[in-house]
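Input: structures, listed below.
Each of the two complexes below includes chain A, the first together with chain B, the second together with chain C.
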Partner chain A sequence: MVSLDNFVKPGQKSYIAIGLEGSANKLGVGIIRHKLGDLSQDNRAEVLSNIRDTYITPPGEGFLPRDTARHHRNWVVRLIKNSIKDAGIKPSELDCICFTKGPGMGAPLQSVVIAARTLSQLWNLPLIGVNHCIGHIEMGREITGAWNPVVLYVSGGNTQVIAYSNQRYRIFGETLDIAIGNCLDRFARTLKIPNDPSPGYNIEQLAKKGSKYIELPYTVKGMDLSMSGILAYIDQLANDLFNKNYSNKFVFNKETKEPNFTIEDLCFSLQETLFAMLVEITERAMAHVNTTQVLIVGGVGCNERLQKMMELMVLDRNGSIYATDERFCIDNGIMIAHAGLLEYRMGQKFEFKDTVCTQKFRTDEVLVRWRD
Partner chain B sequence: MSTPSAIYSNPSTTKHFTINKTDKHTTNGKTTGPSQFVLDAGIIDKDQPSTPNQTYLGDLRSQVTTLQDDLNEFLTERMQRENSIGKEEEWEKTLLDGGE
Partner chain C sequence: MNLFSFSNIEERSETNWFSELKIPFETAKQSKIAQNTLQPDPILRPADIDVKYSTEEEILVIKFDAVSDRVLRVAISSVLESLKTVIETIDEFEGKFDEYLQ
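Moving on, here comes the complex of A and B:
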C-alpha cells in the first residue's frame, strides 16, 4: 500500500492546494483539502472552493487561442481572489500551487502558467504541473468512489478509453482524428446554435426533440474511432437542408419537396451514432481488463444520453457506472488541485525552470506514484 | 519606485523600451483588445481588464500594458517590413526568372 504522508511536515494535520486550469475556453480555480492518511470513503477530499468562468463566443464561432488567452489573462486574478474568499483561507495556509501543464491550447495554457508562476514567487510556494487528463480521472475517482474503473474520457479536445495498470493510466483506444466534443461543437457551429452555456448542451436539448434516426457512417477501427468523416457527412446534410437543395433526394421528398427529417433528428442521430461507438470500445476495454466499473469524465460526460446508453451496456455486464455532474465533469480548477496535491504528497518537486506548459502531453506519460 | 522596461535585440539591432512616468497609462491597451475577427463576428467584450487601483501594483499593471503596446507595435511593423521585402524579392524573381 502506498503511503501518501511520507513527506508530511511536523505538526501538519492536513494539506491544502490551489489548482488553476485554463487549457481550453474555461478558466477554473479550485481549492482542495486532504486530511492526513489515505483517501477513502471515510477520508474524502474536501472541496473548499471551485469556481469557473467560460469564454463564450457568438453562435457559429469557435474560440480562438488569442482571444481565449486574453479572457484567461483578464479574469485569472479576479477568480483567484474569489476562490480564496470562498474557501475562507489565507494564502499562507496553502501547501502548493497546481497548474495545468498540458495538453491543451498553447496560448491559454501559457496565460495560466504565468499566473501560477507569479503566485508561486509572491507567496513562496512550490509549483506542481498537472496533466489535464489525469486531473479528470483522479477527480472522477474521488467524487464517485470508483476504485478501479475503465475510464471513458470524452471532451472537446480528447476522446480516450483508459485503464490503470502498473502505475500508468494506459490508453486502450482513442480518436484517430477529432475529439467527440469537437465533432459536436463544430456541428453546433454549422447549425449556428448558441455556445451558451455550451454548444454540446444545446445539441443535447435539440436531440431530445428528435425521433427519426438518420443512418450515419459508423467508424470504429479496432479499439479506436474516427469522427471527422461523420461530421463532414452530417454537415453536408444540414447544409442541404438549410439551403433547400431539393436535388438531394435523401434530404427532401421528391414529390412534395418536404424535408425527410429535421435539425432535431440530425442532432439525435449524431448523438446516437457517436455514443454507440463509444459504448462499443468501452465494452471491449472492460472485457480486456476484466473490470465491471466504468467512469465517464470530461465535458461530454455530462451528457445524460451518453450516461444512459453506457448504463444499459454496463448493467448488461452486471457492472456499475460512475459519472459526475457539470461541476466536476467540465474543466475545473479543483481537479488540477486534487491531482497536483496527490503528486505533492508523494514528494514530487518541480524546478522553477521546469514549470512550463506543453500542448502535447499524453495521459500515459505520467507515472502514477500515488497508486499501487 | 522604478518603472518597467524591456530590451529587444537581434544580431542587427537592439531597441530599448522605457516608460514615461508622466504619461497617462491604462490597463486598456491599444494592442491587447479582442481580435478583429471576433469583433467582426459581433462579440460583446465582457473580458476587459479591471481598472487599476491607485497602488504601486496598479500603476505597474498600466505601465506594463503600455510597454506591451510599444513592443507589439514595433514587432508588427518589423514583421510587415520583412514581409514586404520578401514580396519585393519574389516580384523581382518573377520578373527576372519567370517565377522559376
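Moving on, here comes the complex of A and C:
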C-alpha cells in the first residue's frame, strides 16, 4: 500500500495546492485541499475554488497560439488573485504551486508557467509540473469515485483510451491523426456556428434536431481511430449544401433540387459516427483489461449523447459509467492542483530548469507513484 | 533613478546582430526573480539566438546575440511580453504571503 504522507510536515493536518492550467484556449485556476491519509469515499479532496476564463474566437475562426497566449497573459494574475480570494485562504496556507507542463500549445503553456515561477519565488513555494492528461484522469477518478476504470480521454487536442497498469496510465488506443474535439471544432468552423460557449456544445444542440443518418466513413483501425478523412468528407457535403452545388446528386434531389438533408442531420450523423467509433474501442479495451468501469474525461466528455451511447454499451456488460460535468470535464485548474498535489505528497521535486513546458508529453511517460 | 534602456540594434556582421536590454526593478531580489523566471525557457531555435541574463543589483540585464535582425526583434518582443507577466505578478503579490487578499 502506498502512503501519501511520508513527507508531511510536523503539525500539518491538511495539504493545499493551487493549480494553473493554460494548455489550450481555457485559462483555469483552482485550489484544492487534501486531508492527511489516503483519498477515499470518506476522505474526499475538497475543492476550495475553481475558476476559468475561456478565450472565444468569432464564428468560423479557430484559436491561434499567439492570440491565446496573449489572452492568458492578460488574465492569469487576476484569475490567481480571485481564486485565492474565493478559497478564503492566505497564500501562506499553500503547500505548492502546480502548473501544466504539457501536452498543449507551446505559447499559452509558457505564458502561464511564467506566472507560476514568479509566484514560486515570491512565496518560496515548490513548483510541481503536471501532465495535463494525468490531471484529467485523477480528477475524474476523485470526483466520480471510479476506482480502476478504463478511461476515455476525449478533448480538443487528445483522443485516447487509457487503462492503469504497473504505475503507468497506459494508452490502449488513440487517434492516428486529429483529435475528436478538433474534428468537431473544425466542422463547426465550416458551418460558421458560434464558438461560445464551445463549438462542440453548439454542434450537440444542432444534432438534437437532426434525425436523418447520413452514412460517413467509419475508420477504426484496430484499437486506434482516424478522423481526418471523416472531417474532409463531411466538410465537402456541407460546402456543397451551402454553395448549392446541384450537380452533387447525393446532396440535392435531381428533379426538385431540394436538399436531401439539413445541417442538423450532418451534425447528428457526425456525432453518431464518431461516438460509435469511440464506444467500439472502449468496449474492446474493457475486455482487454477485464474491468466493467468506464470513466469519460476531457472537454468532449460532457457531451450527453456520448455519455448516453457509452452507457448503453456499459450496461450491456453489467458495468458502470462515470462522467463529470463541465466544471471538471472541460480544462480546469483544479485538476492540475489535484494531480500536482498527489505528486507533491509523494515527494516529487522540480528544479526551475525542469519547469520548461513541452508540447509533446505522453500520458504513459508519467510514473504514477501514488497508486499501487 | 534608473530607467528602462536598450542599446541600439547593432549589426556586427551580416550574421551577428546584438542588442542589450537593461530593466531596472525596485530591489535586487525582484531582478533576481525575473532572471530566474525567464532563464529556463528556450527562445525560438537556440541555434539562431543566444540570450544571456544577468543582474547588476536591481537591474536585470539581457544580452541578445542573433543571426538576423528579424530573429533579434522576435526574441526581444517575446522576452518583453513574458516580463510584463513577471512584473504584474510581483506588483500584485509581493509581500502578501501572510494575509488575505483584498
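As a convention for this text, the second predicted complex is superposed on the first by the 372 of 372 C-alpha atoms of A that agree within 3 Å, B and C clash if a C-alpha of one lies under 4 Å from a C-alpha of the other, contacts with A are read in each partner's own complex, and residues count from 1 in each chain.
Assume a contact is a pair of C-beta atoms (placed from the backbone, for glycine too) under 8 Å apart; a residue touches a chain by one contact, two chains touch by 3 or more.
For clarity, every value in this text was computed on a predicted model and none was experimentally measured.
Under the clash rule set out above, the superposition-derived model of chain A with chain B and chain C contains a clash between the two partners.
Here chain B and chain C are compared by how many residues of chain A each touches, and C touches more. Legend: residue contacts after superposition of the two complexes on their common chain; A:K353 is shown touching chain C, with no touch to chain B. When the shared chain is aligned, chain C comes close enough to touch A:A115, but chain B does not. Of the two partner chains placed by superposition, only chain C is touched by A:W123; chain B is not. Contact with neither chain B nor chain C is seen for A:F242 once the two complexes are overlaid on the shared chain. Applying the stated contact rule after C-alpha superposition, one finds that A:Y55 touches chain B and leaves chain C untouched. Looking at the shared chain after the overlay, A:W75 reaches chain B, while chain C stays out of its contact range. Within the superposed three-chain model, A:K85 lies in touch with chain C and out of touch with chain B [touch as defined at top]. Residue overlap on chain A between its contacts with chain B in one complex and with chain C in the other: 70, 73, 77. Interface residues of chain A, counted against chain B in their complex, comprise 55, 57-58, 60-61, 64, 66-67, 70-71, 73-75, 77-78.
Chain C makes touch with chain A in their complex at residues 33-34, 36-42, 81-82, 84-86, 88-90, 92-94, 96-102. Here chain B touches chain A in the complex through residues 32-35, 37-38, 41-43, 47-50, going by the rule given at the top.
By the touch rule above, chain A contacts chain C in their complex via residues 69-70, 73, 76-77, 80-81, 84-85, 88-92, 110-111, 113-115, 117-119, 121-124, 352-353, 355-356.
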